[in-house]
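Chain nomenclature is as follows: A, B, C and D, assigned in order of appearance, with residue numbering initiated at 1 for each chain independently.
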Amino acid sequence: MDNLGTWIVWPILLPLIAIIPIFLRKRSGAANVSLVTAAAIVLAVAGLARQVLTNGEQSHAVGGWDAPLGIMLHADGLSVFMLMMTAIVGAITSIYAAGYRFQGGGDSGSSSGYFFWPLSMFLWAALNVLFLAADIFNLYIGLELLSLAAVALVTLERKRDATVAGMRYLLASFLGSLAYLLGVALLYTAFGTLDLELLGARIQPDLPTAVAIMLITLGTALKTALFPLHFWLPPAHGSAPTPVSALLSALVVKASFYLLLRLWFEVFPAALTPAIAQMLGLLGAIGILWGSFLALRQHKLKALVAFSTVAQVGYLFLLFPLASTSAGWGVDAWSGGVYHAFAHACAKAAMFMAAGTLAYAIGSDQLDHLAGTFQHYPFSVTALTLAGVSLMGLPPSGGFIGKWLLLNSALASGQWWFALVILTGSLLATGYVTMVLSHILLRPPDAAPIEPRNTRVSFTLEFAALLLALIALGLGLAATPMLALLRIGMPFTGY
Amino acid sequence: MTITLTHPALWLSAVGLPLLPALLLPVARLRSPAQLLMPWAAAPALGLALLVSQEVVVELPLLLGMRLGLIPLTRVFLLFTALLWIIAGVYAQSYLAGDAGFRRFCGFYLLTMSGNLGLILARDLVSFYFFFTLMGLAAYGLVIHAGTAAVQRAGRIYLILVILGEAFLLPAMLLTAVAAGTYNLEAVPAAVAGSAQRPLIMGLLLIGFGIKAGALFLHVWLPLAHPAAPTPASAILSGTMIKAGLLGWLLFLPLGEPALPAWGTFCMVAGITAAFYGVVVGLTQSHPKSILAYSSVSQMGLMTVALGVALAVPTARTLALSAIMVYATHHALAKGALFLGVGVADHVSTSRQRLLVGVGLLLAALALAGAPLSSGAVAKTFLKDATYAVSDPWSARLSLLLQLAAVATTLLMGRFLLAVWPDTRKPAHHLSPGLWLPWSVAVLLVAGWVFLLPEELATVAVKTLAFSSFWPVAVGALLVGGGWWLYRRPGMRFRPAIPEGDVLLLLLWLLNVLQRVRRAGVVPAWNALTRQADRSAGHWQRQTDVVTTLIRLEGRLNTWVVAGTIFMVLLTLALLLVVLV
Amino acid sequence: MSQFSLYAVISMLIFSIGLYGFIAHAHLVRKILAVNIMGSAIFLLLISAARRDPTAPPDPVPHAMVLTGIVVSVSFTAFALALTRRIYAETGQAYLPETEPAISAQKQDIVQK
Amino acid sequence: MRGRANITQLWTRVILVVCSVVFGLGLVWTALALPQEATGLARVVKPRMPESGVTNPVTAVLLNFRGYDTLLEIGVLLLAIIAVWSLRLAPTRTALERFMAETPVLAYLVRLLVPVMLLVAGYLTWIGSSRAGGAFQGGAVVAGAGVLLLLAAMVPLPRRRRLLRSLLVMGFGLFLAVAGGMLLLGNNLLEYPPERAYILILAIETLLTVSIGLTLALLFLGVIPEVAAIQQRREDNV
């Protein structure tokens, strides 16, 4: 009797297996292997989702050794939710990347285009490892795998900006990882276990625990680019190759956020005092305003989108004060924040892809040069618009559901100041999205019509962006079943 | 006979069917069938409105648990809304035939239709908000169809007002949801009534929906957008879409809960003021569609009066609601017929056509003015009945004011007829059946309305043969005649003209003046002051520029040492917090 | 003070020194060295924690964690050094340029004003 | 402006120093508050040692109990080589390299040392199952030998990619194959049958030693070998 139907292991195994043939073969082969693997991962995640929906949470003892001796894999609604997000964005980004022209020469086995594939597969594997991990040291390795792959992807094209941004990103990752590792070492020294569940049971509110939690939280916040630790994000996301920007903004920052979510609500919920929760929320709120404001001041499309990520990350951190202090509505805040993460992943990836297509087509991503692109690239502009709808939080997008739930809990718990911030953030998002659209749609009357430099843009590029934007939009309509999935094993009682 | 239709797919099709052709439009081969089907996408909704005579709610796993259904109030709204969407849709197929942008128009038309029908069918807060927003935003595409500079300006103002409306509505919705603890619309009025933030919620609702309903001083987009849009879209905007704001009030405000005399009086005063204000400004207009737009402001004012009655006197709720239902239906059909008539009158080429079209327009105008036996007269009777419920001194004044309003409406309709009267001397267009057929249906519906009524309403129609409904029209008609005569006299050249958008323009002018004052006076003065205060004036000025400072701050945050130090400071602060607390 | 406490205190001090150096020093190779120092401090803590009871055999799990940590640290160091080489090749120096590309557009904008 | 920048820098530095000192003291305090008694997993590991297939508890943890971590860690190493290659650094011949290449003493020494090192590496790997040692230690020695060979320019860089890459990925590949293959037996991921555990671990460790050693040596080289080889040949021809 074989055990191949254990869906939980496949999201991790598949990308790792794919790396071997990709590493041994040339470029064209690499792309094909990746696309096939992407499809397989989507299927595996779907299988796991079905299993979780019908049988509830899934656990798997790797090596047959139960915790605390061995390492457990664990899949609940939240894990599956994040895996789905990764599968959707990852698969569509792979399609996009297959049609994308990376800058940077080399023969077929050593060009930027080739290296995207093994690195992105590692990135995907790392994400899946993180989302299924139930072991605090295993999470560390997943985090490191993720960071290294992400930095290498940023520096893929030989561009000075990207190299410098990548170095900054690497240093920030170092700092975050070491803070996290020190926290793990302290926790292990104090409690002698690495398993999340056991740790949660044993943990005592003493000094080493508090310091460890603080180190872990700040290290993770640095990797999630919470204000004012966001300094590395805009240059890295803005200067990376387009498919990479999409992966980074959509998924990588969510991974460290996910870590924080798991640890705060399931391992040390008792330590989440109102003061600390409010602090995190406050930083998130400033991040929303700060990122949106700077997005409004950008002259380049990709930089604008990157600053918008700083703002959107801020929303995620509002979850902490809202979910921990609003009795009864905590579920709304928690699921609203997670939903927002999913919707943002799809919308932001679509936005980066569309922006990258336009930039490639006209040979510049200055906002001033975008006028008249709608006539030539209606699908990309539509994708940009629809993704913008989700960022603005308009119905029926996924962003709307996320914001609605967050707002609901903010008002229900009397934390109206966060509601005010969310609404202001939405208005600012409306501002920068309309700014981009008006640059595209309203051509100044005296300007000559701009002829696109690269008229032949692969339809794959436009299609991929539009598909993701439509998913971001449709996420709102699918909210009822998705939220039901999310509630499986959620850390709130009463559901 | 009662029919219950409870299959969710049926209800979903009522709002979802319009989206189907919209999806087909980009595919070249499916384009013409999609365009052909456009008006009939509202047919399932019309079917539901005709057949479902019980309260029905079905649940769908969409959004946060979508509930669709009908109650008597929304059934009436759905009936006239779906009807008008079909009529205007058929009309649009001919009106815009050959127009290069027809495909885009179809797309927006269908999206707006879905939103409009959906918000009527929605029985939960989230879906209602979704459809309301969809309608508001998609209609932007209808308004800017012509694409000229003036139209784009109207579109911009429309969009700004829509977004402003959203900004008021979203908090209102959320506060309501929190107060109700559920998203079900049935629970909303009681929740609003019982909420601690009742004044805030009600204020937000009145403004948010008021923008859509064209309430007094929130109407500024209306006279700009209605003439800017193509004629069938204007008919929809004035006939059904502004009723969405009214429906919002009826569904969310606590009518029939505790008496709220202050809010009620406020609504009545605002309504009556709007009723006369719309007429006064409307009389100065020359474009027939602008006149009709202001007439809509005026008519919505009258319906707001009934809303005020229901707010002030809980026992009058049923009366006031029936008045609004009758009035809204009447106004939707009459205004639809009038707007569509503007386009028909434009295409008249023979004198026979001229006569027929003229008679049709006259009929619709008379109905709106409330001539005896017309739908308008019935609606006004209901309105008057509702006002009797208000305590005495008010009651008498109100009915007098209503009759005066009827005079005013007649006057405005006279002005409209003079502006639109078909002129065969203009270059002849071909009046295609695609135009006059749907228009005739609309006119027939307005005229023959009485015969389609249930019996209890029909008896009311007979009551309208009274003097009280006759004299305002007569006086109004006399006034029109007198005005016409004065106007035609050679010496008389006094023609006041208030530009469309009235108060908005005043506001913009004021802003402009302020800006000029700031530029001319304040800025130099400020500069002089700062220059004296600081010798390096340039430096000082840069420092005061908050935006620049913030951006520079971000630049500074980016140097590694500063960023690292910030991380260190956060670590230390958190550590101190942990150790000391 | 027990043997474990002594090592633990020293490891914490080394970590803080490494952290200071990581932030304060501009040269990239020094930063990378600082990272390795911080990593070593954590490893020291783990190794000393593995044998808090001198009479019993040491706990193998921290040993395994340290081995894993070293490999990860080597991988990162290798990549960081290679990236430093590329920065050196592209900018002619082994420091991070202090203005950001994403922000520099803004700065020009301000100057123009 | 220059002066302002300096002041900013000065303040930043002061704040940084103060924070570092306070933070360091806080950490020291935390270290003193750590429990003195052993809380670790040693007691959990010991009773399961007979099922692990090896007698060295560290190897048991690394390759069996927490083998999943090690698998991922080998992944990090493979990722590192791919990441470094993706930077596509230009191959350079340093002065040291030339000096080394021209010194016959070094070449002799390397010839002498490398076989011994490989022998040591093999021993370390093999002994790892019962005493201190294992794939990482062995791999590190292999890497040392490789670095010596590279410095002495005694191995020509391979021009064909397939063989080198196969060697690099081989350890990871076998580990992964074993991990996944266990599913076919109806076991969990990486769950060795106890009677086969020893041989499987030894096989994995052997291949890992080669892969790790080669990876580390190539990380030292920093450039893609086949690209460097082409360039080298071009230079030699000139």
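Here, a contact is a pair of C-beta atoms (placed from the backbone, for glycine too) under 8 Å apart; a residue touches a chain by one contact, two chains touch by 3 or more.
Predicted, not measured: the structure shown is a model, and the values here were computed from it.
Trainee: If I average the C-alpha coordinates per chain and also across every protein chain shown, which chain's average lies closest to the global one?
Mentor: Of the chains present, the most centrally placed is A.
Trainee: Give me the two chains with the most inter-chain contact pairs.
Mentor: Result: the chain pair A-D has the most contacts.
Trainee: Using the average of all C-alpha atoms in each chain as its centre, how far is it in Å between chain A and chain C?
Mentor: Distance between chain centres: 25 Å.
Trainee: Need the CA-centroid distance for the pair chain B / chain C, whole Å please.
Mentor: 63
Trainee: Could you tell me the distance, in whole angstrom, between the mean C-alpha positions of chain A and chain B?
Mentor: It comes to 41 Å between the two C-alpha centres.
Trainee: Please report how many Å separate the Cα centroid of chain B from that of chain D, as a whole number.
Mentor: Going by mean C-alpha positions, chain B sits 70 Å from chain D.
Trainee: For chain A, write out the residues touching at least two other chains, lowest number first.
Mentor: 137, 141, 144, 148, 151-152, 155, 168, 171, 175, 186, 188-189, 207, 211, 235, 297
Trainee: Identify all positions of chain B at which a residue touches two or more other chains, and write them in rising order.
Mentor: If we look for residues of chain B contacting two or more partner chains, we find 551, 554, 558, 560-561, 564-565, 567-568, 571, 575, 579.
Trainee: Would you give the residues of chain C that are in contact with at least 2 other chains, written as numbers and ranges?
Mentor: As it turns out, chain C has residues touching two or more other chains at 8, 15, 19, 22-24, 45, 49, 61-62, 68, 72, 75-76, 79, 83, 86, 96, 100, 106.
Trainee: What graph shape do the protein chains here make by touch: line, ring, star, complete or other?
Mentor: Complete.
Trainee: In the complex of these two chains, what residues of chain B are touching chain C?
Mentor: 548, 551-552, 554-555, 558-561, 564-565, 567-568
Trainee: Taking the complex as given, what residues does chain C use to touch chain B?
Mentor: Checking each residue of chain C against chain B gives 19, 22-24, 26, 96, 98-100, 103, 106-107, 110.
Trainee: Taking the touch rule as given, give the residues of chain A at its contact with chain D in the complex, in rising order.
Mentor: Chain A residues touching chain D: 1-4, 6, 9, 13, 16-17, 19-20, 23-24, 60-65, 68-71, 73, 104, 106-107, 109-110, 112, 115, 118-119, 122, 125, 129, 137-138, 141-142, 144-145, 148-149, 151-152, 155-156, 158, 186, 188-193, 206-208, 211.
Trainee: Using the touch rule from the top, collect the residues of chain C that touch chain D in their complex.
Mentor: 2, 4-5, 8-9, 11-13, 15-17, 19-20, 23-24, 45, 49-50, 52-53, 56-64, 67-68, 70-72, 74-76, 78-79, 81-83, 85-86, 89
Trainee: If we count contacts the way the header does, which residues on chain D are in touch with chain A in the complex?
Mentor: The touching residues are 26-27, 29-30, 33-35, 38-41, 44-45, 48, 64-69, 72-73, 75-76, 78-80, 82-83, 85-88, 161-162, 165-166, 168-169, 172-173, 176, 179-180, 182-192, 224, 226-227.
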